[in-house]
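Shared between the two complexes below is chain A, which has chain B as its partner in the first and chain C in the second.
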Partner chain A sequence: MKAREVLGDDPEIVLADERYNLIHTILDTTLVRGAKKWAQSDMLDKVFLHKYLGIPVFLTLAWAMFQFAFDVSAPFMKMIGLFFGLLAEASRGIPNEVLASFLSDGIFGGLGFILTFIPLIFSLFFAIAILEDSGYLARAAFIMDKFMFKLGLHGRSFIPMLLGFGCNVPAMMATRSIESEKDRLITLLINPFISCSARLPVYILIAGAFFGSMASTAIWSMYFLGIVLAILLALLLRKTVLRGEPTPFIMELPLYKTPTFHGSVIHMWDRGVQFLKKAGTYLLVGAIILWFLSSFPWGVAQESVELSYTGQIGHALEPIFRPLGFDWRIVSSLIFGFMAKEIVVESLGIIYAVEGEAAIAGALVVDYTPLIGFALMAFILLYIPCLATVGTMRKESGSWKWTIFQVVLSLVLAYLIGLTITGIGGMLGYT
Partner chain B sequence: MGFNKNVGTVIGVYSFFIGMTYTLIGLLEIVIGWGDFIGSGASLIPPIELAGINLIPPDVLGGIMLTIIGAVYLTGVRQQARGDREGLSFLLVGSLLAAVFFGVFTAIMLANGLGYVFQFEDWLKWTWLDDLKPEIWLFPLALPGAYLALTKKEWRE
Partner chain C sequence: MIGNPNVGKSVIFNNLIPGARQHVGNWPGKTVEKKEGKCIHKGIELKIVDLPGTYSLTSRAVDELISRNYIIEEKPEVIVDIVDASNIERNLYLTLLLLELEANLVIALNMFDIAENKGYKIDVKKLSEQLSVPIVPTVATTKEGMEELKDEIIKAAIRKGSIKTKITYGEKIEDLINSIVKIIKKDETLAKNYPLRWMAIKLLEKDEEILEKIRNSKYHHELMEVIS
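Then we have the complex of A and B:
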């Protein structure tokens, strides 16, 4: 007989109730209570866990967190970009043409460009660390539990979802705190639809190129689209292949603490170092492969990237993506984006043989319309996040079946949403 | 109960004033920025400037956040006026949110200042007045509230 049937409720709830009953019994016999003081922690919880204000306050803090990360990191990103630009320029002077191209275009131009996002990613993780160390993040999970439950998710799914805005890899690893297998699997499957920071450079580039003053709204709409699709997918999975109710959320809220700079920096480093490892492995290999495919056959590829291996692959797959308005250039960059989404930007730069965000944006505007740009942003949001995420999914789910399911699902969904955007946009007269 | 009604009324009036200020400025940011937000570019009222300083910028999302801070202050007014100690919570959290936004926007100003010092391309025309947002200049109003909520421990007995 199952424990739930014997106890009449979830065993975890029964255990928690009994534990607190015992604590109260002991306290009643040993402690003389005075008038209860309204502690600072009570004061904060009164508002942070407020029925109506709790969620708006959380959204306010989340917005402040993103504002901090994006705006404060901007000059530092520029600094790193200029540094690698100088290195790339210097390495062009090397007499051996292949080596010069490898260093300037492949390493300093390619990998260096991706490394410019280090300040952004570290700033975001620093802000998350402050919220976590203060004890607020646990409250955020608590206030979101009711909402998450309605979506067929567990309260603890919230933290991985939030971390997903930084990077899906640690976010998927954070699902280990979810005890129920079904709850965990649903969270793992929908997490890649949460827009990670790697997608942001691509959004910034495309939105900046096509939407001008509306760029931030276009970027925000991608975050929104990802969240909506993740919710719908969670509901669908809960009603079909992973049928059942989410398990109850039991959590002891930690005390509020003033976060220390030292502690937050350590937490930021622990998470941010994952990106550095990715940069030193997947992104480095990706940059080298990308350089090889777009620079060879040597001599021919230098005349036109269209004649390179990259161009040939793009041309071969172009018919599949033509209904979305994507040509061989975009298709090639999407293939390389499987290594890591940031590489999409880098590959567009190589394909167009231009350097810098402004030059790539200028080239995109000539060849594509805002509608195709928007469909491209949606496709980038939804298709396979990156090689590292697929590997993490395999490791965390312990199943190739679910890993393949996720890959196929994301590709189909990306294609359908891209097609819907171009289809509906076309019908409404947008170009 | 925490403090007498006379003190509560003063705190309530203060919270109402600061809550309304945040809310109204937030709403103005939304109205001014709405045209840009929906893409029409047309604004119901022009940005509000004083001596060349863009005091209330067009910023829909930023405006919504200011309105939420205002709502936190306003929610506690009735309890504070009754002398209920729980009303202080709204004063404390309102001030905390105001402080967080002040910190974030000051950090943004400093970062942009760095961009200007290094004369990076996008910062050549930057001046510190560009970043003097309501989140910064409204914060001094929140300081007395934060001081009261944090130091008057006897009100929490």
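Then we have the complex of A and C:
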């Protein structure tokens, strides 16, 4: 007996038909389809999935989501910052100097700094939960699919990319809704190139120092550069290591529902707690390592950052970064930046022994040219966003291999783009 | 607990198990989220595992594989199949696949209110008789039917396996299934690890994972004769 010959078709298809036949037979006697009364969902879709209105409506909702998240979280972020500031201040009084430094700089200063982002992460998750529970998020993915497919991505990759502008951590966690492993991995790998809100203060400082009235254009160009590189990288990964077509978009559009406060809070809590758990493990270890590098050898490191391990590493790496115009000061501050990007500003302040953004900006203008400043901005955009994203990558990809791949990729890319900027600038006669 | 995506499965899960008692992790070696938890109903402790939402149970997608391997390997006492009453036709497809797997089913006919609003009239009793599966109409968002669902879960666990659902398809395909079952029966290791009829169906569908399982069987050649 040969299955195909007997059935006259692929057995898999025949079986699927048989199942539906049986379902129809059963439903013929158990289901009466009355007149359709319920059309609210279809009416909403007339607007939300409208050919021309769909995208503007989506962008408006996305803007509202960010506005909500930033506004709600800002006071809480300030409170957490103050709280850890007080703890750090208090622990400086501990008689044992090493312990005092460990607690104030390493734990409360370092880890505490990352924890200030928790309100932002939670409120972004809350906003997403509301959009998801209402049934709108599935529509947003649907609207963007055509565009994303051209980039070798999936409609569902759009939300994580968008969230990346707020914070890459929740953005990477949001990739879970992408079913295909390859699609998901690509979305994870390119996400850190989307400029998160933590990079903005660094851009503002550097652009403000070097570009005067052109500062906003310089900042805008960083966002643009990040998006373009993310897109190019997605296309490249599709053609190389993660070969294949994006999975076709088959997605059920659920009925619109009024989200419940309780349900959205549960959603937010489930995801937020995962970040907190990570903060307790990966991030704590990372914070301790960075503290160690910047506080030892004990004694000399306290006299001058230049003599700390971080300063020594900065000096050792300086030759590699010389083509980009970076000296040991910048390299050291970039090492501190592993913790979180804003720390670059803070550590430049420490290295130059000046306080306040204006003073840091002033010091930068003396030592570097606008071209180097621009290369530095690009480098900061592209190299590993922060320890938290590395931890998230490990957790979400489930593999150290891809985590390391991303770290190396971002460093190489940052270097090459930095080099291109100084190279082209040099040819145009800038220094 | 299993069901198609967007049928309100996680809402039912949250109704049955309060958030604080849920354990969220990943399936071993996978990045797919696994939720489980315990609740007590009428003095009996229920341990509930939330399987990934899927439309079918092929070996082509990670979440489908996770669900079906869990059913085959962990042999849960009861499978609660959450069916969206307002999309009953498509949802019953997964139900049939679960019956093929010889799962001890209880159906939660969820979104019953939306189905009614849509003008659907479902004869729950008759449907339950035809499938030989207990069915509880539910509205997850308002927690309707949750107590009844827990009752049915316990009843199903107690009578475990005593009701056998017999679903049959067309004659030609049934003949093929039977002839494959006869061959599998000869191989004792295969026969004791899987539901026979299910395995035969999967072989007809050329399911890669199951094809791999028979590769080393003495009867590999004989099986391939029929299915290729």
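Simple rule for what comes next: the second predicted complex is superposed on the first by the 222 of 431 C-alpha atoms of A that agree within 3 Å, B and C clash if a C-alpha of one lies under 4 Å from a C-alpha of the other, contacts with A are read in each partner's own complex, and residues count from 1 in each chain.
Assume a residue touches a chain if its C-beta (ideal position, glycine included) is under 8 Å from a C-beta of that chain, and two chains touch if they have at least 3 such contacts.
Every value quoted in this text rests on a predicted model; they were computed, and no experiment measured them.
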| item | value |
| --- | --- |
| Touching partner for A:L428 - first (chain B), second (chain C), both, neither | neither |
| First (chain B), second (chain C), both or neither touched by A:P56 | first |
| A:P75 touches, of chain B and chain C: first, second, both or neither? | first |
| Touched partner set for A:M214, first chain B, second chain C, both or neither | first |
| Chain B versus chain C as contact partner of A:P11, first or second or both or neither | second |
| Winner by number of chain A residues touched, once chain B and chain C are compared | C |
| Partner chain in contact with A:R33 - chain B first, chain C second, else both or neither | second |
| Which of chain B and chain C A:I266 touches, first, second, both or neither | second |
| Shared contact residues on chain A - chain B and chain C | 35, 37-38 |
| Complex contacts: residues of chain A adjacent to chain C | 1-4, 6-7, 11-12, 14-15, 18-24, 26-27, 29-38, 176, 179, 181, 184, 252, 254-255, 257, 260, 263, 266, 269-270, 274, 396-398 |
| Chain B residues touching chain A - in the complex, by the definition given at the top | 2, 36-37, 39, 41, 61, 65, 68-69, 71-72, 75, 85-86, 88-90, 92-93, 96-97, 100-101, 104-105, 107-108, 111-112, 114-115, 118, 120-123, 149-150, 156-157 |
| Touching residues on chain A, where the partner in the complex is chain B | 35, 37-40, 42-44, 46-48, 50, 53, 56-57, 59-61, 63-64, 67-68, 71-76, 78-79, 82, 213-214, 217, 220 |
| Chain A-facing residues of chain C, complex | 4-6, 11, 14, 19, 24, 26, 29-31, 33, 61-63, 86, 88-89, 92-93, 96-97, 114, 117-123, 126-127, 130-131, 141, 167, 169-170, 172-173, 175-176, 179, 201, 204-206, 225-228 |
